[in-house]
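Input: structures, listed below.
Here come two complexes built around chain A, the first alongside chain B, the second alongside chain C.
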Partner chain A sequence: MGNILDIIAVLFMVIGTLFSLIGVIGYIRMPDVYTRLHATGKVSVFGIVFLLIAAIILSPLSLWKGLVLIFFVLLASPSVAHSIASAAYRIGLPLAHPARDDLRGKMEQGDGRDV
Partner chain B sequence: MESIINITTWIVLAAHLLMALVAAWRVWRGENSIARLTALDLASTLTLAVLILISILEQNSIFMDAAIALAALSYLSTVALAKFISDQKVF
Partner chain C sequence: MIRILNISIPLFLVYLALSGNAQPSNLIIGALISVGIALLMPKRDMQFVPLKRLPQFLWAGIRYLFVVGWDVIRGGISTARIVLDPKLPLNPGIITIPSGSKSELGTALSAHSITLSPGELVVAMDDEGTMYTHCLNVDESEKFVAQAQSMRQNLLSKMFE
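Now for the complex of A and B:
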């Protein structure tokens, strides 16, 4: 059988794919934009990072490129989600069955009519 | 062991390609512009995963450079598009 590292790499790859699958299913089923952003965050953070760990284990030459990519994806994903959520709130997209809306009144909103 | 890695990589690549196609279809058929923008971000992240898997299959790290470039471009374009959608001007 292969050494332990290859088994770990295959495991990471499968776990990364499961997280991506959960993220895409979450993206399709979530009611409004804000919860969808929560789902896509899973894909880009857990899915990609686990795949990158598997890639680094399987081809150790691309160690530093993989680390740069992990750092960049972990940096970019939350700020992308933030910018999309603030854009959605600014044009006034409704929250699906909102429990609390802390930003109500503090930020000028559009009327939800699409661009 | 080599064949197990190959088979798993091919299956994972097929799964990610399928998900990227689903996300691309949602880019085409989203109900409003923000949903389409989220689908665009999802599709580019999944193509990033496809690039990484190809770099595993081909054992060639040039695809990692392409993945870094795609990550940077998709990040910048999504933020610029979100800014444009929110108040109709980019700068």
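Now for the complex of A and C:
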């Protein structure tokens, strides 16, 4: 029983590390702020969740503490990504090769102050 | 009184989960701290969950958690696939998504789950609850987003309205 849990934990650790690595690769390859936030905000978080599950199994971290940590990671990371994207748009960082931009018109009308 | 309980009971549960011990001394300290924090909160109208709708709230909440969890998995894998693709298939842009929710909390939770779902990131919101969403692939997102949003909105409105 302990053996199977260990194998699952190691598997999750490998998956988590892999996805964290992919997140960093995405951060390097993507062209602008917004697409980079996709890479760090989604792929890396996915990796962190897997690493935390492995930590719950392998380390003395208790189950509830681990679940609360996963909950907070999932709550915080989209908020952080959203606030960075919002700030970046407000100071006028351009999108790389945008296919369309529905927000620009809204900002130019001057309605953008509480956007 | 109800307002204080509404805030302090979730705080107390989180404290118990984090400290992970049910000794009487720990329970008393947790209760004191959570009630103290609830007293320090500003006296705004914080209507969280009416007690008589609690079963409905919990059922919708659990289904919502599963939907969000599935979105996290799909979002991680599909974005990873785009990152690892040698050609880097991007078609980025910002599209508008109406949240369809009247309350602030509903709009905020919609924005949160949209940001977790594959290829989308909420950049800004306005007063009517319209979300300006950055997508990795505009055409694909536009096809699926209305359906996904109406499903999430359905669950959220069961929880909060």
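Everything that follows uses one rule, which is that the second predicted complex is superposed on the first by the 100 of 115 C-alpha atoms of A that agree within 3 Å, B and C clash if a C-alpha of one lies under 4 Å from a C-alpha of the other, contacts with A are read in each partner's own complex, and residues count from 1 in each chain.
Everything below uses one rule, namely that a contact is a pair of C-beta atoms (placed from the backbone, for glycine too) under 8 Å apart; a residue touches a chain by one contact, two chains touch by 3 or more.
On a predicted model such as this, the values are computed, not experimentally measured, just so you know.
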Chain B versus chain C as contact partner of A:96, first or second or both or neither: second
Chain B versus chain C as contact partner of A:76, first or second or both or neither: first
Partner chain(s) touched by A:51 [first = chain B, second = chain C, both, neither]: first
Touched partner set for A:35, first chain B, second chain C, both or neither: second
Which of chain B and chain C A:20 touches, first, second, both or neither: first
First (chain B), second (chain C), both or neither touched by A:9: first
Overlap of the chain B and chain C footprints on chain A, listed as residue numbers: 23, 37, 43, 47, 62, 65, 68, 79, 86, 114-115
Chain A-touching residues of chain C, taken from the complex the two chains share: 14, 16-18, 20, 68, 72-73, 75-77, 79-80, 82-84, 88, 90-96, 111-112, 115-116, 118-119, 121-127, 132, 134, 136, 138-139
Chain B-facing residues of chain A, complex: 1-3, 6, 9-10, 13-14, 16-17, 20-21, 23-24, 27-28, 33, 36-37, 40, 43-44, 47-48, 51-52, 54-55, 58-59, 61-62, 65-66, 68-69, 72-73, 76-77, 79-80, 83-84, 86-88, 90-91, 93, 114-115
Complex contact set, residues of chain B against chain A: 1-2, 4-5, 8-9, 12, 15-16, 19, 22-23, 26, 32-35, 37-39, 41-42, 45-46, 48-49, 52-53, 55-56, 59, 61, 64-65, 67-68, 71-72, 75, 78-79, 82-83, 85-88
Sites on chain A touched by chain C in the complex: 19, 22-23, 25-26, 29-32, 34-35, 37-39, 41-43, 45-47, 49, 62, 64-65, 67-68, 74-75, 78-79, 81-82, 85-86, 89, 95-104, 106, 111-112, 114-115
